[in-house]
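Across the two complexes that follow, chain A remains constant while its partner is chain B and subsequently chain C.
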Partner chain A sequence: MSEYIIKNGHVFDPVQGIKGDKKDIAIKDGKIVDKVGSGAKVIDASGKTVMAGAVEIHAHIAGPKVNLGRIYRPEDKLFTCTPTKGMERMGGGASIPTTFKTGYEYAKMGYTTAMEAAMPPLFSRHTHEEIRDTPIIDEGAFPVFGNNWFVLEYLKNHEIENAAAYIAWLLRVTKGYAVKVVNPGGTEAWAWGLNCLSVNDPVPYFDITPAEIVRGLIEANEYLGLPHSMHIHPNNLGNPGCYETTLDTMRLAEGFKAKNKFGREQVLHLTHTQFHSYKGTNWGDFESGAKEVTDYVNKNKNITIDTGNVTLDETTTMTADGPFEHHLTGLNHLKWANVDVELETAAGVVPYIYSPNISVCAIQWAIGLEIPLMMKDPMRCFITTDHPNAGPFTRYPRVFKWLMSAKARNTLIDSFKHKDKVLSQTSLGSLDREISLYELAQMTRAGPAKSLGLSAVCGGLKPGMDADVAVYNFNPDKPVANPDDIETAFSRCAAVFKSGVQVVSNGDIVSNGNKRTLWVDVKVNENAQVARDISEKFVKYYSMTQNNYEALGHHFVPNPFALEVDATQV
Partner chain B sequence: METVTITMKNLPTLYLEADTISPDAFAGKTAAQIAELPAFEGNVPTTLGAYFTVSGSAGATAADTKIVVKGDVKKVKYLGFKMSAGELVIEGSTDLYVGAWMTGGKILAKGDVAAFAALAMKGGELTVEGNAGNYLGAAYRGDWRGMSGGKIFVKGNAGSDIGMYMTGGEITVGGDVDVHALTHAEGGKLIVKGNAKSKLGGQMVEGTIIVFGSIEVMMPGFKPNGEVELEVEGTKAKFAHFIGDTGERHKKKKGVMQYGNLYKKI
Partner chain C sequence: MTKTITDVICPFCGTLCDDLEVVVSDDGKQLLEVYNSCVIGTEKFLHSQAKDRVTRPRMHQEDGSWKEVSYDEAVEYTAQMLAKAKKPLMFGWSSTNCEAQSVGNEIAEISKACCDNTAATCHGTTLIAVQDIGLPSCTLGEIKNRADRVVFWGCNPAHAHPRHMSRYSIFPRGFFTGKGQMSRKLIVVDPRCTDTAKMADMHLQVEQGRDYELLDALRVALKGEWLPDVVAGIPAEKIREAADTLKSGRFGIIFFGMGVTQSLSKNHNIDGAIALTKDLNEHTKFSIMPMRGHYNVTGSGEVFAWQFGFPFSVDLTRGFPRYNPGDTSTIDLLTRGELDAMFTIGSDPGAHFPISAVKPIANMPSVCVDPHLTPTSGVSKLHVPVAFNGVECGGNCYRMDNVPIDCRKVVEPPEGMLTDEQFLIKVRDRLKQLKGVA
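And now, the complex of A and B:
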């Protein structure tokens, strides 16, 4: 493999505590190294910002519900198609881009790792086919567990060992990465036309509460010692007053400590926190609960969060929270798609327009920015748009601009039709904090990598780590004349390396890289009961046989990267 | 106003996608520059000059530019695509997407236009002296934002699904309309001088349909609401009034439920 040296860039690397010092980054055989020979190819990064490749902790970028969005929204591709160009195949779509465009757009912004946040286990084969067809970026997928019949039955009786054995089996057959929970119990209740809006609402038939599901899955997750923690989209998403359910959900993690060999410290990751930080009793008195939520997270070190920033775009919402999407289509009267996934989960899809002229949307935008600005530890708060739910991931550079420039935020607030309401219902107008480049590297690289248990692999520039490097046309020594320059600089990298291969040069894709599928391979002791339960459920309930369930082999996972966990001795 | 005349000289073998034939794209250009404007024949990039002879020159702005299209353009799509001002005269019949996404200006089509004409139109005027195809003034596939402003006149007949998801503006059809006119409409007006077929105004929430001739099959969701005397384009007559589609959700304005209005000449 070729050797590279990225010279004289301003390096920001929280893993080594480097805060913009001029430093050379050497790359050899796909890894960051101390030094390379004189024959190494030189990339001149003087006057530029150098960071590790960014890590996406939560996005919906592969799988059946993403594809359902693509199929039922042909208008998303209207005027957004890009033709073949050099290495790039044609692509299209704004909020639900094609797989190729997804890979290219992430890479051009300096992202080299991304997690698909909700994989229905039954459709893991489809999910992996899309992941395979998304070039460049390393990807993992989180199977959903929070409404799974096995999980509900084991946890009802507090059978943690059985739940853990089932999780280990499911991660292996679906090539999954982590334990994802979406509206615990609520999505199963949706199959009965109901929902669970608090952590104590009973799930019909199964006679279990969301609180028992969440606690049980945290316990099983730590019993196995998985790289990532239980990753949760709590009950009651998107409703005024939902911040209390969010606090109740986070309190369920009290007393649990992370137990793993990957350097992860949290036991609960709260995702798209913006959607879960609403106060008020209706859309009229709707206000921000960001302070209450971040106060709690600031005090409790066993929790990490991501933001879910509203970007004020037309987008496509999609979630395994089936009842929420039904609620949403009732609000905006736009087309609704709903899917039931047998014993496992469900999904809904509804287009949504976050208009800056609608007060609720503008307040949602403000809450999304309040959260990271109120978080004291940037290593525990990561930037996401819950792509495509709060906005397309291609808007990250714009979110960075709003976070790094109070002027950019205030200019936008001034342009809002309901400016006064945004200022009275949120505290964004009084927050003058501006995120530094070092903090940005924590929130988009080192932080999410650590939370995912990948801190030895990516998210930093320490020798021995994967050579995922992004070089931005941004000179931290110069004052920012116009905040839009931040957005421009972070939109298109000067250079990007993925595992030591240069994939982007001057904003153009120059290689499809060496994309890997990240998954977690857990060894557990044989568990005859769980094996019997699985085969019985396939015979009795599933519409396919167990033999057709597994995502196996080159077709589905051509370039696997397994994180190995041994849970046989616990 | 300056006039540019483009005349078909080499008929395309495949369909020519010429979304650059609009006053906006021509404005400020000489005949030679206009001939260099891009187009696609099938998936092959080409120029307008490869198919058309260009004479005259464009005005400084779209509003100062009139385009006259001569010759056989039955295999040309997207004439007047996204135009905002100026004039476009098409002397013969043409293919899909005439005046699609137009926001202003005037188009006169002396022959027939195929489907998707004035798709999602926001303003301006489209006059068709022949017949119009399906999806006239409708929303793009999958979209819920149809024609929202402007005027369309069709002297002949119009096809199916016209004014689908219409929210504003006016369509007048001198002849007959096919099935599914004004499906899902949330505003706007359709006048049919001839006859209408079935599924007229299905899932209509708001908007107006006036039919002078017959309606082959009335939607069951429309309720009779008495008779009214209306003056429509200079004709005074008695109409039977229906409201609907009662199978859909309807908004209340100042406490009054809003329905789609369907008037049929008695």
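And now, the complex of A and C:
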């Protein structure tokens, strides 16, 4: 592999504590190294910002519901299709771009790793086919567990060891990365048209509460010592007053401590926090609960969060929270798609238009910015748009602009039709904090990598780590004349390296890289009961046979990168 | 000695049964017996063993005879045809695997082709309706485990999807449906008294072409509003009774087929059926699912969608994906005479298209990739026989509920035969040379 040296850039690397010092970054054989030979290709980064490749911790970019969105929203492609160009395959789509476009867009913004946030296990083969067709970026996928019949039955009797053995099996056969929980219990209830709106609502028939599911899965996750923690989308998403359910959910993690060899410290990752931080009793007195939620997270070190920033765009919402999407179509009367998945989960899709002229949307936008601005530790708060739910991931540069410039925020607030309401129902107007480039690197690189258990692999520029590097046309020495310059600079990188291969040059794709599929291979002791339960469920209740369930072979996971976990000695 | 291969997937219809057992000879070259499958599926497997099977590509000669050619010559003809064409069509894809579809899409992109699958003449109208109004659906296991109300509308699974009823929809005893058939009420809507209709608790013998009115009347009945005495040939009392049956269930499902998608009103029928399903969700839990025909037509739509953004009738001639059924759909392209080359794979338009759309195929450079002799292979300039997907090679396929299942290879193809994917890869590589693409 070629050698590179990125010279004279302003380097921001929280892993080594580098805060904008001029430093050379050397790349050899796919890794960051101390030095390279004189033959190394020189990339001049003087007057530019250099960071590790960014890490996306939560986005819906591959799999059945994403593709359902593509299928049923031809309008999303209007004026967004891109032709074949050099290395690039043609593509299209704004809020749900085609797989090729997804890979290119991430890479052009300096992202080199991304996690698909909800994989229905029955559809893992589909998810992996799309991951295979998403170029450049390393990807993993989180199978959903929170409404899985095995999990509900084991945890009802607090059989942690059995739940853990099942998780290990499912991660292996679906080539999954982490334990994802979506509306625990509520999605199973949705199979009967019902829901669980608090952590104590019992799940129909299974007679277990969301609280028991969440606690049990944290315990099983730590029993196994998985790289990532339990990753949760709690009950009661998106309703006024839901912040109390969010606090109740986070309290379930009290007393648990992370146990793993990957350097992860949290036991619960709360995702798209913005959607879970609403106060008020209806859409009229709707207000921000960001303070209550971030106060709790600031005090409790065993939790990490991501933001879920509303970007005020037309987008496509999609979630395994089936009852929520039904609720949403009742609110906006746009087309509703739903898929209930046998024994496992469900999903819904509804288009949504976040209009700056609607007070609720503008308040949601403000809450999404309050959360990172109120978080004291940027290593525990990561920037996402819950793509495509709160906005497309291609808007990250705009979110960065809002976080890095109070002027940009205030200009937008001034333009709102319901400016006074936004100011009275949130505290964004009084927050003058501006996120620094170092904090941005924490929130988009080192932080999510650590939370995912990938701190030894990516998210930093320490010698020995994967050579994922992004160079931005942004000079930190110069004052920002116009906040829009931030957005422009972070939209298209001057150069991006993925595992030592230059994939972007001057904003153009120059290589399809060496994409890998990340998954977690857990070894557990043989568990005869779980093996018997699995085969019984397949014989009696699944609509396919157990032998056809696994995502197996080169077609689905052509370039695997497995994180090994040995849980046999627990 | 023989070998029995279990968990075999049946490459025939959208039911995509995956519990077949196939007995093959010890050397894996002969397929002897097929268990668990329906009669159509069995025939599909056994047909691969036909002694008179065509195993090498053939060119149609001026005098109407066929001349055997090598695969290399077939690749050359196909690549040249696609390289020269201004507006080629690559049609079919529904009876091949997703791997082949992916390579086909690459070829289409290089040659700026129109791409379409059999949904164009089948459930394309369903997809248009879904784009209008959405689709509350579920997987087939949900129906097995929960459904106590089952509607078959304009479809006849007893003949078209023979194992559908025993595996998923009527007979199986699922988790919450322990009494099997006894725990389900079956409503069939069909102008004919089909074998499926004969099993129904209620057969609504709708007047032909009046499905839209009946769907609307059911929505009216759900709301308890006024109805005329008879709608679409069905008395109002019976419509109200049907509506009550539907909303009194715990979990219901509407399956629909070509009887509604390709009869009068087309996509508007499906709009109505989906709206009815949405309305029923105000009372109980209801889903709706198209009875997809070919075993991987669903997969073709999925691959088109994640690579190009649209599920069928995609036009790449401008260098980026466009979608406008009626303009970019196969039959319209053919009957308007806009095409100058036709590539068919995994489908038989010759047998199913109107004659005005078949004639142009015979009059232009054309390739048909198909293991069988079909009306399409008969009118094409080049016929490329290939290995049977799902029998002689594996590959991923999508069931009618979008669940992917990886097909199995159970027997060796005749010596020297290529699979769809292998042939397409050769064409792609040659086409890249011709077009000077890296």
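Please note the rule applied: the second predicted complex is superposed on the first by the 570 of 570 C-alpha atoms of A that agree within 3 Å, B and C clash if a C-alpha of one lies under 4 Å from a C-alpha of the other, contacts with A are read in each partner's own complex, and residues count from 1 in each chain.
Simple rule for what comes next: a residue touches a chain if its C-beta (ideal position, glycine included) is under 8 Å from a C-beta of that chain, and two chains touch if they have at least 3 such contacts.
For clarity, every value in this text was computed on a predicted model and none was experimentally measured.
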{"item": "Touching partner for A:Cys458 - first (chain B), second (chain C), both, neither", "value": "neither"}
{"item": "Touched partner set for A:Gly193, first chain B, second chain C, both or neither", "value": "second"}
{"item": "Which superposed partner A:Lys335 touches (first chain B, second chain C, both, neither)", "value": "both"}
{"item": "Partner chain(s) touched by A:Ile43 [first = chain B, second = chain C, both, neither]", "value": "neither"}
{"item": "Chain A: partner with more touched residues, chain B or chain C", "value": "C"}
{"item": "Touching partner for A:Thr99 - first (chain B), second (chain C), both, neither", "value": "second"}
{"item": "Which of chain B and chain C A:Tyr72 touches, first, second, both or neither", "value": "both"}
{"item": "Chain C-contacting residues of chain A that also contact chain B", "value": "72-74, 76, 335"}
{"item": "For the chain B and chain A complex, residues of the former touching the latter", "value": "140-144, 249"}
{"item": "Complex contacts: residues of chain C adjacent to chain A", "value": "6-7, 9, 18-19, 98-99, 102, 106, 109, 127, 130-142, 144-146, 167-168, 174-176, 250-251, 278, 281, 284-285, 287, 301-303, 305-311, 316, 318-323, 395-396, 398, 402-406"}
{"item": "For the chain A and chain B complex, residues of the former touching the latter", "value": "72-76, 78, 333-335"}
{"item": "Of all residues in chain A, those that touch chain C in their complex", "value": "62, 64, 66-68, 70-74, 76-77, 81-84, 89-93, 97-100, 122-123, 125-126, 129-130, 133, 190-193, 205, 326, 329, 335-343, 346, 349-350, 540-545, 547-548, 552-553, 555-556"}
